[in-house]
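Below: one structure in structure tokens.
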Amino acid sequence: MYTVLAITCHPDDMEDTCAGTLLKCKARGDRVVVCHASSGNMGHEVIMPDELKKMRLQEAQDAGEMAGFEILYGGFDDLEIYESNKEAKDKLVKIIRQVNPDFIITHAPNDYMPDHVAVSKLVFDASFAATVPHYEPQIEGSARLVPIYYMDTCGSVDFNPTDYVDITDYIDKKMEMLACHKSQVEWLANHTNVDYHEKIRTLAKARGYQCGAEYAEVYQMCQVYLKGTTKRYLP
Amino acid sequence: MYTVLAITCHPDDMEDTCAGTLLKCKARGDRVVVCHASSGNMGHEVIMPDELKKMRLQEAQDAGEMAGFEILYGGFDDLEIYESNKEAKDKLVKIIRQVNPDFIITHAPNDYMPDHVAVSKLVFDASFAATVPHYEPQIEGSARLVPIYYMDTCGSVDFNPTDYVDITDYIDKKMEMLACHKSQVEWLANHTNVDYHEKIRTLAKARGYQCGAEYAEVYQMCQVYLKGTTKRYLP
Amino acid sequence: MYTVLAITCHPDDMEDTCAGTLLKCKARGDRVVVCHASSGNMGHEVIMPDELKKMRLQEAQDAGEMAGFEILYGGFDDLEIYESNKEAKDKLVKIIRQVNPDFIITHAPNDYMPDHVAVSKLVFDASFAATVPHYEPQIEGSARLVPIYYMDTCGSVDFNPTDYVDITDYIDKKMEMLACHKSQVEWLANHTNVDYHEKIRTLAKARGYQCGAEYAEVYQMCQVYLKGTTKRYLP
Amino acid sequence: MYTVLAITCHPDDMEDTCAGTLLKCKARGDRVVVCHASSGNMGHEVIMPDELKKMRLQEAQDAGEMAGFEILYGGFDDLEIYESNKEAKDKLVKIIRQVNPDFIITHAPNDYMPDHVAVSKLVFDASFAATVPHYEPQIEGSARLVPIYYMDTCGSVDFNPTDYVDITDYIDKKMEMLACHKSQVEWLANHTNVDYHEKIRTLAKARGYQCGAEYAEVYQMCQVYLKGTTKRYLP
Amino acid sequence: MYTVLAITCHPDDMEDTCAGTLLKCKARGDRVVVCHASSGNMGHEVIMPDELKKMRLQEAQDAGEMAGFEILYGGFDDLEIYESNKEAKDKLVKIIRQVNPDFIITHAPNDYMPDHVAVSKLVFDASFAATVPHYEPQIEGSARLVPIYYMDTCGSVDFNPTDYVDITDYIDKKMEMLACHKSQVEWLANHTNVDYHEKIRTLAKARGYQCGAEYAEVYQMCQVYLKGTTKRYLP
Amino acid sequence: MYTVLAITCHPDDMEDTCAGTLLKCKARGDRVVVCHASSGNMGHEVIMPDELKKMRLQEAQDAGEMAGFEILYGGFDDLEIYESNKEAKDKLVKIIRQVNPDFIITHAPNDYMPDHVAVSKLVFDASFAATVPHYEPQIEGSARLVPIYYMDTCGSVDFNPTDYVDITDYIDKKMEMLACHKSQVEWLANHTNVDYHEKIRTLAKARGYQCGAEYAEVYQMCQVYLKGTTKRYLP
């Protein structure tokens, strides 16, 4: 089957927006690799960044193990991710060459906060650069030009999907994975007054109504030359 | 305060998509008039159209009374509503002149089924014609050019709202009104395998996340000359 | 497998824009039904409409037999197809109930000439009405709410596809089918000074570059409630 | 030079939105024909429709003569123009065959009132039908498939132009032509509380800022197969 | 009432595009703070940048005092503003934490010149970062996630507003404020051959026709998660 | 006549996407200057970057001489072009001031690979900065604010043109120019399994069908204040 690489930003963004899809990929036999670009070190009002970073990378690891995903860390800290930046691009070139995926999932370019936007553009840039043999040849591995699927925006705002994935059989596992992110679930509740579990379940249910599934996750394919495809890689 | 006229298609479409907004209008002192364009006579697999028509117009009346809305019937039957048709247009000219609203709520032009699409266009046409004194002067009343707000599509598909209404205080009443449509709630469950109440609550909750409310209903203003406004008529 | 129903306008529009896809459907075991909505009776400058109608319906039959498709005629004549018209809608309700498809292919709503635009809207309307049991029950058969795929516009103008089908293995057969439409190939050459075969082959090749195939046909799914899907029905 | 045919709706719409362009066409040697689709008979609160019709067609004639344009009347009355209607389409087929234009100017499909919307779609339909020899051959004349330029919406709402025409040298004449429509200028002032001359001059000036001209009129080309062009027909 | 923070680019951009709105905010009791991101030091062909910087910051101060606005300077110089840049972002984090606004007004991301585009994106980035307690805690103050309203583009090009503000009562004051920018008014006249006052008045008048006001300023709300709102903060 | 400046990215991008247009400009008497922003040094799997750079700049020179174009080199290397970067911007300010064009052609902002995207944005930024006298006055020359035409994306993906250029008379010369890029033609064949000549000819032919030409190249004008125009600069 395929190797799928999800490059998401903070350690709970994958669980939030594409975990059901990845679980379904895993179930059909795909190799599933998730790169959490950033450490999530700013995601708490009381716990200090250095301590939180360790906690959240561990939480990400726990959630990944529960699902059988390989979990990588992109090397960024929160609010310190910049587009149009060679060092940042090369961090993702390294990840992409290491994994050599058949398709990539990442944030939509119009998502709600600057780190997500930056990761989306850096993936666009790095996924091309990674395929060029003479580009930083000391970064090991290799990669091919493959489709990029942009996942739903946070809150499903301003995102009209073209591809739906039925995740009904995986919604419970997705919620269990989300529960691993103890620090984040708690902080978001305080920072935004939102029950994180109820939010994620509700949004997946709302997307489900749009495509005749009980729960769904949704995508738009990045439509550019050499990244188009006649196959549906999504499960 | 204002006179608001909601011209929706089948007898439960108002409850489904804009009842919370109308309840909030009522609470601030608006006169709220709802025109169910169509009788909903095709909305059941077993009950025959003639019988169903009576039942559904009564269900609509019951829901309206519960809310203190004036309920009108547009005179159409299901799947018999056509745009570009003088007779159909004049049915709505009559309603609009009779009510003389300050603003109008109706279906979005890209909604999911043909009756909704036709009502949306007929409202666009009739809301202009109604204001012209020599147009069918025997149709009594008068009207002014007023803003049209297009409400959410069914299932919130392909609709990026520009205006949000917080309906948290009105969600329970909205669900009670929906429950009045006994025939429809039951048939939809069979026809589309959907728990209607759960669907409507879930979609309103999902829209709520987009605007920081517990529950919300959403709109786009019809952006054309003479219908623009510097006021927010929505509550 | 699936039953696919392509409702295209003039007798060569199917060959022009979706024949490769349908041949691929056939090859995977689908039942393929094509409804030519119109007779193509105006498609010649010298041959008179009545005579041409017979010729073209026969040409359509010949092309269909070559491919193993069931060929139906919708009952319209050229430039006599109107939206917002019950009689026109019911012609397609009849076809859809007769075939009871799993998915439908038709023209995009922004295609280049009025008959194509009208067929697209009539399919949208009829595909809903056909599923309602009490709507014209004397029209036999039944239907379910299924996805509609809009095919490429003529000349690929103003159409950004979301779904690609690799038709490389079917391009030659597609061209043979097109060749059955002798009257049309000849008239278009005169009317628009275009080599029809070269045009169709070139456009399929250009679409191929966009998705990594030698030849491709392209689609957009009609994104509305109850017509969304988590499956890819396209081959 | 070219033959340009402007098919606008009410007798002052041409002066309002494209008169500067047409005057510039005339100045470069084009044959300029204007078809006022509708009589404008509803355009007054006091003067009765039958009387107003005569007045307005005369006002249109006066404005046309001042400019050296040929003025035709399409045969419609206000608020009685319907799309998807053979009789309506054929009225415009007759006009188009009679004039046999090199390019056509008409209303945008998203303009503000139903007659403008209907005329836009009817021109789209009729401009194709007019070119088909066997379509209603008793309607005399002939026509070719030519570009359609959609002119600015009323009030420039929701219209992002792709083509600008510098009308600085023609703004005064345009205003004189507008002044011929005495009944309309007066009624609009009452009906919408707008100084018509100031409005038209202001909007043309605002469009001018967008393209480096003192005054401008703006357009979007109808982008469909067989209507695209590599020439700029606009002056 | 509210605290509104307008972060505009050069010292006259506020007067040009949102001064009427801010004057109306002031009149209803809001605290109005304006941050001129850049010094405008390049805005003259003869006066040298260092001298011009002093002049323009003073002109901005004068205009602000006339209106009762608090005027801040963002610390940038013209054509030296870059997105994806920590130092630039932190300049605006400082401003936003200092002011702690209820809503923010800034340039649209598709405006006409690079400094405006950069300021728009930096505001998007900084308005999020400013709310995160552990992000550069040495930058004093605090902030909440609040709505961002994008104001009209220069020349109203390619901008379809969703919110209109009637500024009729404030147009004269707005023009007086603009007149404070003596250096700029003069240079623009030379650089672009435009009467700045007439331009601004004309564009506000043209926007007025779209919404039934004599003069208007227009906006689009930034539609992302956590920035949506069910209130109209605009006056 | 005009001075046209095409700022394209890699040494064969001009031949690929706008050479026909530039040849037509040359034929009507324009001064044609092409700036290859990048050296194309990464464009081969075997030939090392330093050697390839020399080869490709020579190939570009050869193609330019064949056409009578002035060929400049922007000073970038492949995958080392970053937006929001002063040094990068100033490289293009230098080119633009040196040439002082009447109009500019460059890549579309949504093109398929990061260098193209970066060049597009840098041209947008630099074309403004170049016109400001006090901006880096040591960079010699001067420039005016002129229209920017974005050329077709690679593979014509997601690009709906507004301007077409008939290049039928120049297609053969365009193909000869492309043939000068020996290294690239060969590498692309290996890297993407594409016959480069057939691809370019097919795409130009497909664009031709959209506008009634045998071969065409296509554009969108950058629609912002001060860059709009009432003239068609394209040949």
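We call the chains A, B, C, D, E and F, going by the order they appear; numbering starts again at 1 in every chain.
Note that in this section contacts are C-beta pairs under 8 Å (C-beta built on N, C-alpha and C of every residue); 3 or more make two chains touch, one makes a residue touch a chain.
As the structure is a computational prediction, the values presented were derived from the model and not from experiment.
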item: Chains in simultaneous contact with chain A and chain D; value: B, C, E, F
item: Any chain in contact with chain B as well as chain F; value: A, C, D, E
item: Pair joined by the larger number of C-beta contacts - A-E, B-E; value: A-E
item: Chain copies touching (chain D, chain F) - same or different residues, decided at half shared; value: same
item: Rounded Å distance, chain A centre to chain F centre (Cα mean); value: 35
item: Rounded Å distance between chain C and chain E, as computed from the means of their C-alpha atoms; value: 52
item: Multi-chain contact residues (two or more partners), chain D; value: 83-85, 155, 157-158, 160, 209-210, 223, 225-226, 228
item: Graph class of chain-chain contacts, one of line, ring, star, complete, other; value: other
item: All chain pairs that touch each other; value: A-B, A-C, A-E, A-F, B-C, B-D, B-E, C-D, C-F, D-E, D-F, E-F
item: For the chain A and chain C complex, residues of the former touching the latter; value: 160, 162-166, 209-213, 216, 221, 223, 225-226, 228-230, 232
item: Partner chain F, residues of chain E touching it in the complex; value: 41-42, 44-45, 48-49, 78-80, 82-85, 110-114, 118, 153-155, 157-158, 192
item: Residues of chain D touching chain E in the complex; value: 155-158, 160, 194, 199, 202-203, 205-206, 209-210
item: Residue numbers on chain F that touch chain E, as the complex places them; value: 83-86, 124-125, 128-129, 132-135, 145, 223-228
